[in-house]
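Look for subunit A in each of the two complexes below; its partner is subunit B in the first and subunit C in the second.
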Partner chain A sequence: MKSVRMALAPWLFLAPYLVTTGVFMIWPLAISFDLSFKQTFGPGHEVWVGWENFQFLLRDPLFWKAARNTAIFAACSVFIQLPLSLGLAMLLNRPQLWGRDVLRLVFFSPSLVGLVFVGVLFSMLFEKRTGLLNRVLAAMIPGFDVDFAWLESYVMAALVLAALWLYVGFNMVYFLAALQNVPAELVEAAMLDGASPWQRFRHVVVPEILPVASFVVLLSLIGSFQLFELPFILLNGSGPDNQGLTIVMYLYSTGFVTGDLGYASAIGWVLSLLLMVFAAGQRWLVRRLEQ
Partner chain B sequence: MKGRYPEGIISWAQSFFENISPGVGLIFLVFLATLPVVTMRAAREQRDLEFWVFAKQHADAYRPLVDGWNSQADNKSVDLQLIDYQAMERRMLSGFMSGTPVADLMEVERHMIGRVFSGPLEAVGFVDLTERLKREGLMEKINRPSFSPWTTRGRIFGLPHDVHPVLLAYRADIVEAAGIDMSRIETWEDFVRELRPLMFEGGAVGRPVRYLLNIWHTQRDTIEMLLMQAGGGLFNERDEVDFLREPNVEVLARIATWIGGPGRIALDAPRFSASGNKLILDGTVLATPVPDWLAGIWQYDLPDLGGKLKLMPLPAWVPGGRRTSVLGGTMLGISKTARDFEECWDFAKSLYLSPTLAEKFFRDSHIISPVVEHWGLAFYHQPNAYYSGQCSGALFIEQAPHVPRRTSSPFSMMALDALGTVMHKVVDYADSQQISDPKALEPLLRELLKKEEERIKRQIARNVFHSGLAQEVQR
Partner chain C sequence: MACAEAGAVKGKFFVPRGVVQLLGKIFVYIVLWAAAVVTLVPFLWMVAAALKSREDFFRSLFLPEGGGLFGVAWERLTLENFNRLFGQGNIAMHIVNSAFLSSATALGATLGSAMGGYALAKLHFAGRGFLMGFVLWSLVIPGTLLLAPGYKVLFDLNLLNTYWALILPALAPAFGVFLFRQAMVNAVPDSVIESARMDGAGEFRIFFTIILPLVRPMVGAFLMITFLGTWNNFISPQIVLQSPEMMPLSVAISQLRGIYSQDYGLIMAGTLVSIAPVMVLFLLLQKEFISGLTSGSVKG
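Moving on, here comes the complex of A and B:
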């Protein structure tokens, strides 16, 4: 009897986790996988369509537009946002910098407000005629068209700029933590050996912060591929000519506006597949770099 | 203590509190403390029928009538519930799709209805009212085109709440001060020709100080409204996607030259935005197409415009053409799970056919009733100081019978998106190539419309419920 109780005890402790994960994760995932092979109108009206949803996705120009937009945003996140975050972290890691604690808070504070707020804020900044940006430019540049529509002409640039404002400080915190863990004696030794600042950065700092940097890259990639709220609020939809349409926005509009849950599930699974490929690729790359 | 409680309970309680963590103990105490409050809370009074609405204005207008209905001993009582637009849409669709209970009566906005109609006909969650409407003569009593958004595959699923004809609101103070007689304007061509000098009045040479019309390529529903005015539209009479109709090409080309290129006359003053309202208040944009509901909203949101605005029929696209169009709409439907259809039907008629409600709606929101016999009521024909003493109600009523029919296709939102994409590209082209002749834009327009039409047709073709395949598969 006692041995049965002992055997059951771990499962009893695990039960709350297993039940909640099962009900709210595994079961919906299984349902969505099943849905991705169907067309539905509620549980009462389902038709098995096999690979049709996936085949249609491959030749759906809107999906490819969304994928292209998402990839551009992700690339900007990795190649613009993260170097800026690292640069800022290095600057604010200098002990001799006056007021650096306050500056750290200032740069981190945008991430406290959230994507929806940033979307609203930047939509007001970029507004035609009444927006702050156009007002300032019109005051500074004679002949500047106060009706210039930033959110129609530079959709992706506006999105990237808003995301930079929000996330540069946030990612800076990760890099700052990593930089503070770089052994000072290694840097000093390199200096004594006559290494230039670039050589110290390339051969001492980068290898030390690589695990954190790879984690931040992965987080940024996943976050970029899940981008939804920012364009949705900033552009009040997907923007002119769907220039701000992302994969998750397309998933949302397919599932909840058009009501095609089967196709939306197929998009979701393709997105998951893409993220898995990116995560695996990133791990492989980091291992190569570490070796 | 031991004498009053069984020893087992005491020892169980002792061991319980000794063995649990402080956090769990706290949660348990909070549970005990709040239990009486929750259990003793007065339950919501049970009513016989549930009625969901999404607009506060509607709920406020209905409440006295619902109270009056409930006070009649013979009637089943109605519980009027105001629910957020999106929450209501989700609840309604989830209910319809899963077969779980929804309200007996629901008011549905035009953009919600496409989803309701996206499945097979037998899966529409509302009762088919077609025969009932015909039998009781309501098809003749209610403005006929107002049924179209609530009709799918020839069946009608709701009572129309409104007509929503569109007129042109213009800044009479500015236009009349310039000596322009708006009654002479019959077509859009007249409108542009007569008003264009006002764009540059008082400004530097070549730089406009104001614009003539509030329209932009992002205002997709306004563009669609103008297409329908011209006899076009994104869907044909059979609710099939039909972008390439001749009126569509001509109208879109004309609108593109208004928004882009050297002949620009338009400005973007979006509805319900502070910046848009400011542009209208400042007189930076002179005219805006307004449906009756927007004419009412302006009276509250832009009181400073009182006495400065006038209404006129929309200029026609061709001499003798239609002078109005339609924008927005709501219906009242009875769900298939309604507890008592006959009672719901009686209630729906008492509400929507009521002259009292028609008057209240007009006075509060400027919305005119779709019930044709109400159009002669005195309150519609009184001068309105806000619109410079015009009988604004009568002006809308004059155009109400001429509103075009509309689609109820579940793909209408997708088609609107496609329209936005096409217009963005054409306006961009007009801007970059400095084109002001609409004819020069038509080849590009045709090409883009064809491409988008084919894309949407492919989307529709893969919908097994619409192609009829589902029924075959189920059989």
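Moving on, here comes the complex of A and C:
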């Protein structure tokens, strides 16, 4: 009696996970595989088209535009946002810094705000004439045009700026935790050896924080390539001339506006393969570093 | 002797290099506090915009200037935007929707994840290693891949336009199962479970009365993560729900912006109302959260 109960218990505890994963992950994954070879008109009507979705995708100028925009955004995240996060973390990590906890909380606070709300808020900040940004810039820079059209002609710049506000503090938290784990003796030993600040950073701090840094890069890449809500709300769509179209936004509009879940699934698979390549690359890097 | 050495090290390396070091320090503080101001300004601007009349919105950058304290015309501030928001915007309904969805999802997901994590951490059964590997693997699958086929599954199950369509799929995320498994492996000693079994306690009683209290900080943290995630979620309700009266705040505010795009005060009031609750919740629980984390490790 007791042994039966003991044998059953694990499965009862796992039931919520197994059932929801089965129904809402494995089943959709299987369907998704099937769907990606079909053309659909809403969830009810479908036609088998074989590899046509993927062939079309390779020649689809809108998909490539979306891929280009997404890649540019991802590059800005990695090469602008993350260095700023690391810089802030290094400043915050200085010993005997007054107000560190308050500053950390302030820098982190934007990450509590949902992407939709950030989109709405920044669509107001970026407005021509009435928006805060243009009014401040016009007051500071003589000759600056208050009608500077961020959301019409400089869509990517606006997106990157909004993402900076949102994510610099979030990533900083990871970097700060990593920096606090760098053994103080190592840094002191390097100082004894007469290493310059740059040498200490390059040869002592960087190797120590590299595992965390590579993880943050991976998270940024994965997040950037799934960018949707921020531009969708900020631009009220894909923006003029699709300047703000991203891969997931294209997936959304083909699947849920046009109603072709098949083509949307094909886009989903291509995106997923790309993300898995990134994840594998990060694992490979960490493994190489450990050796 | 050790003292003298420490002193020597101190003397040699911590000599204040006068002006240069002081300037460096000032520079650090200026950069940090400037960054803090830049971070806070959008929030402040939003609050000011929500409290201003349409006229004052165009006339002043932050608060309207006047003869009051700090040179601000406090008497010109108005709750007019909030009145309209709760009147024609019917925002109270959407607040209730968001609060319900977020609480239900947070409670369900925390319970489901804790149960799964417990089985993986402390119970013995065939296939445990495989399942753990599966949980880790499934973390890599991007949510966007599941958007289109997930919609079809919900359509087939006849769950579209119901809250079940949002709550059920979120009930035991792999990410939560993994987090709880990690927390329980360390925080729960096997001997505690064994002795409770000796006393004849059932498995579920052990789970609720012994295991969950031991990982209380994790429970608190995960409740908050899922609450915040659901509150801020936009894409799922946007796809799954159709009835306007069922929409959570995230969708409602985005629609408000579409309809009243020139009504800056109203939109900023709506955004403020959507952001403030989670901000306050985080600030309030932050202390308890941290003390919970530390006390848990001492007690455990």
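Observations on the structure shown:
In this text, the second predicted complex is superposed on the first by the 256 of 291 C-alpha atoms of A that agree within 3 Å, B and C clash if a C-alpha of one lies under 4 Å from a C-alpha of the other, contacts with A are read in each partner's own complex, and residues count from 1 in each chain.
Following the convention adopted for this analysis, a contact is a pair of C-beta atoms (placed from the backbone, for glycine too) under 8 Å apart; a residue touches a chain by one contact, two chains touch by 3 or more.
Quantities reported herein were computed from a predicted structural model and do not represent experimental measurements.
Partners subunit B and subunit C clash in the overlay (superposition on subunit A). By the document's definition of touching, of the two partners only subunit C reaches A:L88; subunit B does not.
By the touch criterion defined above, A:K128 lies against subunit B but remains apart from subunit C after alignment on the C-alpha atoms of chain A. With both structures placed on the common chain, the touch criterion links A:D241 to subunit B but leaves subunit C unconnected. For subunit A, the partner touching the most residues, choosing from subunit B and subunit C, is C. In the superposition on chain A, contact of A:F56 is made with subunit B only, not with subunit C.
Once the two complexes are laid over each other on the shared chain, residue contacts for A:H45 go to subunit B alone; subunit C is not touched. When both complexes are overlaid on chain A, the residue A:A264 reaches subunit C alone and has no touch with subunit B.
By the touch criterion stated above, A:E152 is placed in contact with subunit B alone, subunit C being left untouched.
Once the two complexes are overlaid on the shared chain, A:Q226 sits against subunit C while remaining clear of subunit B. Working note: subunit B versus subunit C after chain A overlay, options 39-47, 273-281 or 309-317, clashing stretch identified as 273-281. Within subunit A, the residues touching subunit B in one complex and subunit C in the other are 43-44, 127, 130. Here subunit A touches subunit C in the complex through residues 5-7, 9-17, 20-21, 23-25, 27-29, 31-32, 35, 43-44, 88, 91-92, 94, 97-98, 103, 105-107, 109-110, 112-117, 119-125, 127, 130, 132, 135-136, 165, 169, 188, 191, 222, 226, 228-229, 233, 236, 248, 251-252, 255-256, 261, 264-265, 268-269, 271-272, 275-276, 279, going by the rule given at the top. By the touch criterion given at the top, residues 13, 28-29, 31-33, 35-36, 38-43, 45-46, 49, 57-58, 61, 111-113, 115-116, 118-120, 123-125, 128, 131, 138, 140-153, 155-157, 168-169, 171-172, 174, 177, 202-204, 207, 228, 231-235, 239, 250-251, 253-254, 257-258, 261, 264, 267-268, 270-271, 274-275, 278-279, 282, 286 of subunit C touch subunit A in their complex. The touching residues of subunit A, when paired with subunit B in their complex, are 39, 41-45, 47, 49, 52, 56, 61-62, 127-131, 147, 149, 152, 238, 240-242, 257-260. Only residues 93, 96-99, 115, 118-120, 123, 217-218, 267-268, 274-275, 278-279, 284, 410-411, 413-414, 417, 420-421, 424-425, 455, 458, 462-465, 469-470, 473-474 of subunit B touch subunit A when the two sit together in their complex.
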